[in-house]
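Two complexes, one shared chain (chain A), two partners (chain B, chain C).
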Partner chain A sequence: MKRPLPLIVGILSGLIVLAAMFFVPQGSGILGVVLSWVIIVAGVALLVAIASLVLTHLRFIAKGKKGFLLSLVLVISFLATLALGLLLGVDHSTFLGFVGAIIRPIETALLGLVALIMMSAAMKIFRERGWSALTVSFGVSAIIFLILGLGFLQNLNIPALNEVIRFVEALPMIGARGLLIGIGIGLLMMAFRVLFGMEGSGND
Partner chain B sequence: MATRCVHCGSDLEALFTIFGQSQSSDEEAEESLPDIIEEIRNDPSLQTPVEEQSSPELAPADQIDESILNSEQLPDWLTKVRERAQEEGDAIGDLASGTIAMDAARSEEASAGVEGEFNAWINRIREKSQQENNVRARQLPSENEDTDQVPEWLQRIRALRPRPEEEITHEVKTAPTYADDLPREWTDEALDELRRQALAEDQEQETEALLSAGVPTEGEELPVEPEIEGAGESVQEEPGPIEEDFHNIPDDEEAYLEPVPGEDQEPFTEAEEGSVAEKPVEAELETGAIEASEEEPESRVEEDLEQPGQDVPELEDSQSEEAVPEEAPVESEVSEPAEKGAPESVPAELEDEAVPKELEAEPEEEEQPPDSAAVPPDLLLLRDQQDRASLLASLIEQEGRVTAGKQAFRKPSGRAGRLAVALLLLIGLIVSLLIGPSPMPTDAPKSMPALALSDQTRTLAESDQVLVVLDYQAATSRELEALAAPMLEQLHAQGVQLSFLTTQPSGLFLAQSLLKQAGLPEDTLVEFLPGSYLSLINWAMDPAISATGDDLVRLKNLHPFRLVLLVSDSSDHIRGWLEQIAPWIESLNFAAVTTQMEAPVLSPYFDSGQLVGYAAGIADGNIGAQSTFSYRAYRVGLLLMLVMLLLGMISKGEEDAIRKEEERSE
Partner chain C sequence: MLSALTLNDQLALALGVLGLLFLLINLLILKRNKPKHIPEPGKQAVEHLLHVSSEEGKRLVVGLGHSLANSNFDLAGASGLSLQLALLKRSLFNDHPLQSYSGDGVLACLSRMVVRGAYRGALASELFSGSLSQLSGTSPLAYTSSLVNQIPDSSNAGLLLAGQMSPVVLLALDQADRHALPSISAIASLSGQAAGFIGNSVNLMGEDIFNAAGKLDQRKSSLAGLGAQDWLRIAISLGLLLGAILKMGGVLP
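Let's turn to the complex of A and B:
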């Protein structure tokens, strides 16, 4: 049996925001308060997530589990960053330079691995999935757009070819439209489910 | 009188204690049955257990009666009752006694103790005898008879029949012939005998099919169990083959093979429609009885009806008491000429039925491979059975041997392939970078959204305010900063007032890099906007009402701004701005700088006018003109991706071709 309180809170919140969107003069103040609550709760949730992460890794270190050294590095890094931020301030250029110097190359390298993984996946996709409509269409479209991305065809400066290229490059917009329509309908259905209390996540 | 419990075998004599009765007689009665069993077991000369089977059942009762009769302490009335019971026989009735015997046989499983053990011993002896008969049947003993005159099927039947001098003859009690020629008593032994005869006949028929190609199908000839309700057709067919393979046909049977008038066949037909279980034995008994009455005394009947082993003696013994008083009427009825003709028709019908069945079996035998003619049908195996048998033999052979355990098949992890791809990519990029700088051609055409964006930025005046929202991660900072920095530099050069917002904590240090690349002062304020556009919704709706003193962000009112430039690597965030903020402020234009990956999702918004323009990818900005950018490395990376994709397709096609060839070869 669903718990009634989360269900009621979810339904009321949705109805209030919806009403405030329609009745702007009367509802904008309430909407501002509600949205502020949302932002504050999201921030608190982020803090809880960070605390949970640190505690988990501290437990790993205390129990000496396999890979506890990595947990130790994480906890030390977190504490050092926290200490520097508290001491210097988040707007301090030194602090920002220190953080940027570590985060930027790490995330850039991870994004480069994505390219490597995609390359190996492109090689194995047909062996794994076989010849199907999905894989064949993916392969053909990928080949076409990779060739277009090389720029060789554009450099030929043939008007008819340019028209064809422009038409081909506009094709993804068709798919994007369908995707966005689907997303919109899905969000609408989700909103209805929340407003009518049919959403299962209201049990939490 | 039963003195033991039929279920558990416990002694119930105490319940039947009679005042004045001596205990010695009870003890004698208790000990009679076990003693008898022991005697039977220890008797080495006892070949067939039929005698002992019936004797234990009868002896205890007789001994008990004797002991009771001999007792001088019994009351007179009791003595008279018991004497009368012995003389007059059982009051239950002949029909019910047979039923009771059958029920007792069925409940044999529940009875433990001496009776069960005895019966098990009897069964073992019977099985052994049956096996000996089977072996004897397969040996195909040579007959001295002239094969030209005697059919092969008869030879086979006679082969199953043991020599008379080797077997013990037993008195055969013929069944009483009633109006419908059906016996009225069926004991357990008779039913078992019938079952064994049917099995023996099946084997005979199988061997006969190989020799004479005249064996009917197994389904037609299988004798029906006494409990099974047979079909009418099977019932009608049964008497034929069973009578045909009846092993006690004398050597000079030809004298009996006379044509039978049609009217004489009616009683036999009516008999066929009767009980299925009674038919084979009935036929046997009829034949045996008729032969005895016509030519030979009972001793000849014994020889003809004797089964290999102890089956016939069992039948005899079980029916000894009940058949004795009925032998006279049986013989008298048999002597009638009408009934003589009916049994006489049996041999004729036997031969007639054998011939068509031989003919029916011929096409079946023709279908069989030539080798099967030399092999009994019960030894023929299907290929599937042969494979299974060979597998079983191999398993048995390997039993006990130490063999290596089955190793789990390890699927290739793919690390080597991934490493090769990574090395290929790295080597290609490094080589292309080492060759030298390769800027992008300046005449490379831009996309329409990028052209629209550049036109929009060019129309901005000096006093116009532009809000720059930084909403990207460090991973995509290189691409976005390379696109956004020249644009900001251009706007700054035009005198446009720029305001910066970041929606993510990492935007604080990323903004510094962007400002530095754009040539803007480092002390430019970059404000953190918690919750992204959610903080601005009510301000966008009605900034006048939403203005309060406790604001999270100093910058609230978006109406003064001319353009909002969204620098984001997430199309969802850009859509959020366009769907939540843009509808409330119609005079505010939105533009975007995003990665090439998110560009297709934003194209519908540009097409609908919600975005005045957006820049995505290296071709839409001035990245190509930057010295840090290597157009050659970019192209090499694309080429490698294209090559890997084609290699995957080619390898898959090759793998499918190889598999098809292997399947064809198999």
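Let's turn to the complex of A and C:
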């Protein structure tokens, strides 16, 4: 059984914020206040989630669960970062250097890996999915857009060809709009279900 | 006051009102316990994952994404929660219940509420464990690398990515592929949907990413939403057609 008071408060708040978004000069004050609340709640939620994560890993270490060494690494690095951040302050150059020296190389390596995997995935798509309408159209469009990307055809300056190129270049945008309309419709229905309390959290 | 709205705002408002109207009508006309059966690859793929999970006594890993309230509020980031609930209800008493990972503090808390609510709803609160829904990184790359590390576990039955994610998540899909783990991607962003084509994963696109949960849990509100979605799609198609005719006729600028 849904509790009526939180539901009513939720629905009213949602409707007020929605109305404030449409009537900007009149509702901007409300939006500002709500935005501040959202920032505070999101910050607290992140703290709660981090605390829960650390507790979970401490429990793994205490129980000696499989892979608990990784949990140990997580807890030690979390505590070291927290201690350094509290001692020096989060804007201190030493702290930023310390964190950046760890994060930046890892992120760069991961992005490099993404580029490699994308390349191998483009090759693998024919082997894994076979020759279907999807894979053939993927291959053909990839080649066409690679050629268009070179700019050679555009430099020929043939008006009829330029028209064709403009039409072809607009095709991905048309497809994307179709997908975006679909996502928008799905999102609208989900928003209504959330707004009117139909999307429950399990039992309430 | 409405005259101050731009044409786009007025169109959005009209579509919103129309959507709400369609949802209400569908709620009224939909017969309880008699949902129409629509075969759908997304639903079938998710059901297959669940079947494998319960048959082999392995767990299903759900990635809920990393973007709900991180940089700017994006409701699409919560699209995985309803799918998580629908799946959780069917795997509550499995040897290994569903395990979810979020890359956003708010999403992690909401996900935990969903897990707790599902157990409480099944009168099995004592089985609830906070570790079933974890935060794993607060940036797209940190989230993805954490997810990538979870996949090789031999107790995993499959990977489901549902929510708002960057295309970097293809690392996780590739990892699943390398470990012969069946995967489904229901990512809300266009670039994420493009990344979902990697390997053998079942890729849901467009509104399908919101449909799978509704078709799985068969709740009246979800099914009414799906019906309203179809009606709205027809209305938008007619509107676009009418707009094109009016533009060709010179009525619209």
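Here is the rule we use: the second predicted complex is superposed on the first by the 129 of 204 C-alpha atoms of A that agree within 3 Å, B and C clash if a C-alpha of one lies under 4 Å from a C-alpha of the other, contacts with A are read in each partner's own complex, and residues count from 1 in each chain.
Just so we're on the same page, a residue touches a chain if its C-beta (ideal position, glycine included) is under 8 Å from a C-beta of that chain, and two chains touch if they have at least 3 such contacts.
Note that the coordinates shown come from a computational prediction; the quantities given were computed from them, not determined experimentally.
> If you stack the two complexes on chain A, which partner ends up touching A:15: first (chain B), second (chain C), both, or neither?
A:15 contacts neither chain B nor chain C.
> Which partner does A:151 contact after superposing on A: first (chain B), second (chain C), both, neither?
A:151 contacts chain B only, not chain C.
> Does chain B (first) or chain C (second) touch A:179, or do both, or does neither?
It touches chain B and chain C both.
> Looking at A:107 after the superposition, I want to know if it touches chain B, chain C, both of them or none. Which is it: first, second, both, neither?
both
> In the superposed arrangement, does A:194 touch chain B (first), chain C (second), both or neither?
Once the two structures are laid over each other on A, A:194 reaches chain C alone.
> Quick one: is A:124 in contact with chain B, with chain C, with both, or with neither? Answer first, second, both or neither.
both
> In the superposed arrangement, does A:50 touch chain B (first), chain C (second), both or neither?
second
> If you stack the two complexes on chain A, which partner ends up touching A:38: first (chain B), second (chain C), both, or neither?
A:38 sits against chain B and chain C alike.
> Looking at chain A, which of its residues have contacts with both chain B and chain C?
25, 38, 42-43, 106-107, 110-111, 118, 124-125, 176, 179-180
> List the residues on chain C that touch chain A in their complex, please.
So the residues of chain C in touch with chain A come to 1, 4-5, 9, 13, 15-16, 19-20, 23, 69, 73, 75-76, 78-79, 81-82, 85, 88, 102, 104-106, 108-110, 112-121, 130-131, 134-136, 138, 141, 144-145, 149, 167-168, 170-171, 174, 188, 190, 193, 197-200, 205-211, 219, 221-222, 225-226, 228-229, 232-233, 236.
> Which stretch or stretches of chain A touch chain C in the complex?
22-23, 25-26, 38, 41-43, 45-50, 52-53, 55-56, 59-60, 70, 106-107, 110-111, 113-114, 117-118, 121, 124-125, 128-129, 138, 176, 178-183, 185-194, 198-204
> So in the complex, which bits of chain B are touching chain A?
414, 417-418, 421-422, 425, 441, 444-445, 447, 473-478, 505-506, 508-510, 512-513, 522, 530-531, 534-535, 537-539, 541-542, 545-546, 548, 552, 575, 600-604, 607, 619, 635, 637-642, 644-649, 651-652, 655-656
> How about chain A: which of its residues touch chain B in the complex?
Residue list for chain A touching chain B: 21, 24-25, 28-29, 31-32, 35-36, 38-39, 42-43, 90-91, 93, 96-97, 99-100, 103-104, 106-108, 110-111, 115-116, 118-120, 122-127, 130-131, 139, 142-143, 146-147, 149-151, 154-155, 162, 169-170, 172-173, 175-177, 179-180.
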